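After this come two complexes, each holding chain A, first together with chain B and then together with chain C.
On to the complex of A and B.
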């Protein structure tokens, strides 16, 4: 007797097919919605940065610049030259139209340099301080090991705002207000726990035999760390460098308290000062915003793999 | 241990000492407007807070801001992580794009949303106007009922990526046998989601909730740039209150007392945080 599939099997197959189509549709639609949710605000910022001040105040707004211009960026990069470039001098615009570039615009590039210096110093100090500690906790049995881990983790969660008051008083007493040094030290404190945390997870994954073999071959602890462990832990080191860099580049609250002049102001501080100035032109402000956004976003996109592995290092059990 | 010494020295000097010092000065009345007289006042800074309406208002606003944002973050991150857990073309690109809000500095994020919410030329007004949802431009951040939600929206947008990545880890850890077994038992898609997926995501969820709550109750940057606590006191949250008390009223003693309370609240949360991580060390 030939076997014919019962009717409800055919029906079941068709239903499954429809189910798959619906599933695809749902995925495509939600993917588009998600992309729009993430990209729309950023595109608006970028689009505004390439508009002239006359265009930017049109109602309703121009979503895509009709006459794209680079003059906002020019203004930033040429600010501080002998002849100040303002919209008034260049295009004869009406100063009353809000076409105004703040006098502090010339501090923008120096503040980027400040941000860069602080971030790099913090990255280097983090590695110097964090790597040995993580190695010790992961590979050496000693009394108080658990306590050290908890201690380091707990310092990570102290809110900055709680540190600010005592820290301000101490820094003022030391005469370190308005120096890059005050930022380097405080940023070190807020980034080191995370560094140690990521590295512990990674070192623990490396076999203990490596450590023993290196020691039998006559390496000191330090040599074992430098010659055996560091080359093997490159991915986690990259993650640490990225996190530390981005945290320092983006930090605002502490910098707000400790910096006063262009000698130590970082990029976020200068940006914030523009936003509270009602005379600053919108197009200029957005261009400055774009400049602050571009470096970290490029770093994040290029090193995506390392960042995701770093972010999840704390979430998976060690 | 020699290897640990540098970390301990750094953290001791820059984290433990300030916290201890903060406790110490919270027992004094320190006002920079009167620098030569800093009398010991015991617990007065704390007891004063009990009857301080501005303080409790700020606490309440911090709690509502955190509740709203953390709920929204967890919900959106759940949807996004379910989406990114599927295989489809463009998934790689989408997960890369997802990192953009995470990487943007908070100050630039604040500047961006301030411009979006702008009452004269902002994108929100423009969009709603073009779609005919509003017939005239609105002063969004000037509306006391909406301010906290608008700031929460900017906060959520920035925090969703991290929450999503954390949730994805717990999604990926679900063995596919579980789904196969559920399917054999005749579970529908919804039943599989409720009985297999959700329970497996519980630790991830706890982590996201606690971590984001910690971030929300201490958040400062958006309040500073978007509203400065206004309009009126609509966005006058605790972190802003501490800032004003300390650096505008120059009253360091009571500022320290408040930041100490905030630190204790965070410690309590972080205890939960570490417990949830279930460290094996």
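On to the complex of A and C.
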């Protein structure tokens, strides 16, 4: 007797197919909406950096510049070459044409250099301090080991704003106000716990036997760390590098407190100061914004392939 | 070459766990010692102390004449094979094997010569460019062995190196390890919970439980003359059968084990060792293979009961027997045909009986000498 499929089966099959199409549709639409939400401000920043002041404020806004110009960038790189920007020298300028450049414009490139120095130093010191600390906590049994992990975590529970005043008092006492050192020290205090925590998770996921094998094979603890653990920890190291670099690059609150002059001001502080000048030049500000985004984007592109696996590996004990 | 001595060695962890207690052990140069025991008995901790991976909490660990309690692993001339192989995943097989030599600043030529030599011996020359992830379990095991043997160490340590392999490969690797020991002429310390590995490989076996050495002896000593019920139970498949009774003296210095409806007359040398112990509550041990289906009179030097299971295992069969409410397991020839519920009488090999104190579990025969 031939077997006839129950009528219901056909219904279910169709429903399943439709369900799959709907599911894919929802995912694609959501992804597009999310991408647009995230990319729209960045796109506008980049687009407007190549527009004149007049075009920026035109309604409706031009997402693609009608008359692309590099003069905003020229203004940045030539700032400081001419006579100093004062209220008087700019009184004849035409605001609509974007001739107003901020009085602190000449500090833009030095502040970028400051940001770069601070970020790179924080990354290097983070690795120098965080890697051995995480290895010790993950692989060496010692009294107070668990307590030290909790202690490290607790430091991240305290909001940064609560730390500003104590940090300020310490930095002032050390005579380090308005120096890059003050930023490096305070950024380390914020980022090292994260670095140690993420690396502990990763190191704990690597078998103890690897450590033992390396030591029996002739490595000291430090050599085992450098020759065996670090090459295997590349993804989490990259995650740490990115996190610390971006945190230091973008940090605003502490930099605002501790820096006063171009000797130590970082990019976020300077960019913010442009908005509180006599007149705001959006074209100049946006061009500066684009420059501020470039280094983190380069870092992200270089290390992009490691980012996801690094974070996952650190988050889940494998 | 190294002689290893443990003198009253203890290992206590920070959490208070006492992993090894009062260990006294003398491992001769070129000896193959197997540390045998269940999980958590302290055998791997002992091995790790030899490697320098665990500190000695108390007592002395001596290599030849030097106390090495505080000598770090990289300063001891030991090599180790781990249960999980612990190959470096980012290095090729060649670099894995040569890593120990590189760390000891051997020249490139020497590293190459030794790695090629070890690879040839282990038949893995064709795998030298691969990474561990591209190897099978057996191949990884060989690489791990190669990494250890290439250094020509004074002490060769192995921590359950075969437990991740399948049964057939395990047996062939056992033979290779035995051959390796013969060829390398160095001290081997091998940890396992597998009695068959211990019995086939060891010159001497150290049986451990709860951090305490239960018995040290040759495989024959350990199997034939177990010092206590733990050792007797740990070796043997199926495990040794126990039942409780008392000792009873008979005429002409005879000594017998007696319980309801059963009287087993102990051989003269056992009786001599048990002299004066009549009336003592004891636990009798009969190994699974120490019976034969015989014509013995039920209740006298023979066990009678009913068959409650028959488990063929190829070469022979395991016979489950209900003996006065207790279940006993014996290994009998596969020619015997018995059905469930059938009555059976098995003659006991009296010369191979084991008598233990019921309270302490210590052997009254082998510890009496």
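Keep in mind that, in the parts below, the second predicted complex is superposed on the first by the 257 of 318 C-alpha atoms of A that agree within 3 Å, B and C clash if a C-alpha of one lies under 4 Å from a C-alpha of the other, contacts with A are read in each partner's own complex, and residues count from 1 in each chain.
Note that in this section a residue touches a chain if its C-beta (ideal position, glycine included) is under 8 Å from a C-beta of that chain, and two chains touch if they have at least 3 such contacts.
Bear in mind the structure is a predicted one, so any value in this text is a computation, not a measurement.
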| item | value |
| --- | --- |
| Fit or clash between chain C and chain B when superposed on chain A | fit |
| Which superposed partner A:174 touches (first chain B, second chain C, both, neither) | neither |
| Comparison of chain B and chain C by chain A residues contacted | B |
| Angle at the Cα centre of chain A, taken between the Cα centres of chain B and chain C once the superposition is applied, in steps of 10 degrees | 90 |
| First (chain B), second (chain C), both or neither touched by A:159 | first |
| Partner chain in contact with A:22 - chain B first, chain C second, else both or neither | neither |
| Touched partner set for A:41, first chain B, second chain C, both or neither | first |
| Touching partner for A:271 - first (chain B), second (chain C), both, neither | first |
| Touching partner for A:212 - first (chain B), second (chain C), both, neither | second |
| First, second, both or neither for A:263, with chain B first and chain C second | neither |
| Three-chain overlay, closest Cα atoms of chain B and chain C, distance in Å | 14 |
| Chain B and chain C contact sites that coincide on chain A, given as residue numbers | 142 |
| Sites on chain B touched by chain A in the complex | 1-4, 6-8, 10-11, 13-19, 21-22, 25, 79-80, 83, 86, 88, 90-91, 94-108, 110-116, 118, 120-123, 126, 129-130, 137, 157, 162, 165-166, 168-170, 173, 204, 207, 214, 217-218, 220-221, 224-225, 239, 242-243, 246-247, 252, 255-256, 259-260, 262-263, 266-267, 269-270, 273-274, 277-281 |
| Residues of chain A that touch chain C when the two form their complex | 141-143, 207, 209-210, 212-220, 223, 228, 231-232 |
| Chain B contact footprint on chain A (complex, rising order) | 24, 27-28, 30-31, 34-35, 37-39, 41-42, 44-45, 48, 56-61, 128-130, 132-133, 135-137, 140, 142, 145-146, 148-170, 185-186, 188-189, 192-193, 196, 200, 221, 246, 249-250, 252-253, 256-257, 267-268, 271-272, 274-276, 282, 285-286, 289, 292-293, 296-297, 299-301, 304, 307-308, 311-312, 314-318 |
| Chain C - residues contacting chain A, complex | 13-14, 48, 51-53, 72-74, 78-80, 82-90, 99-100, 103-104, 147, 151, 157 |
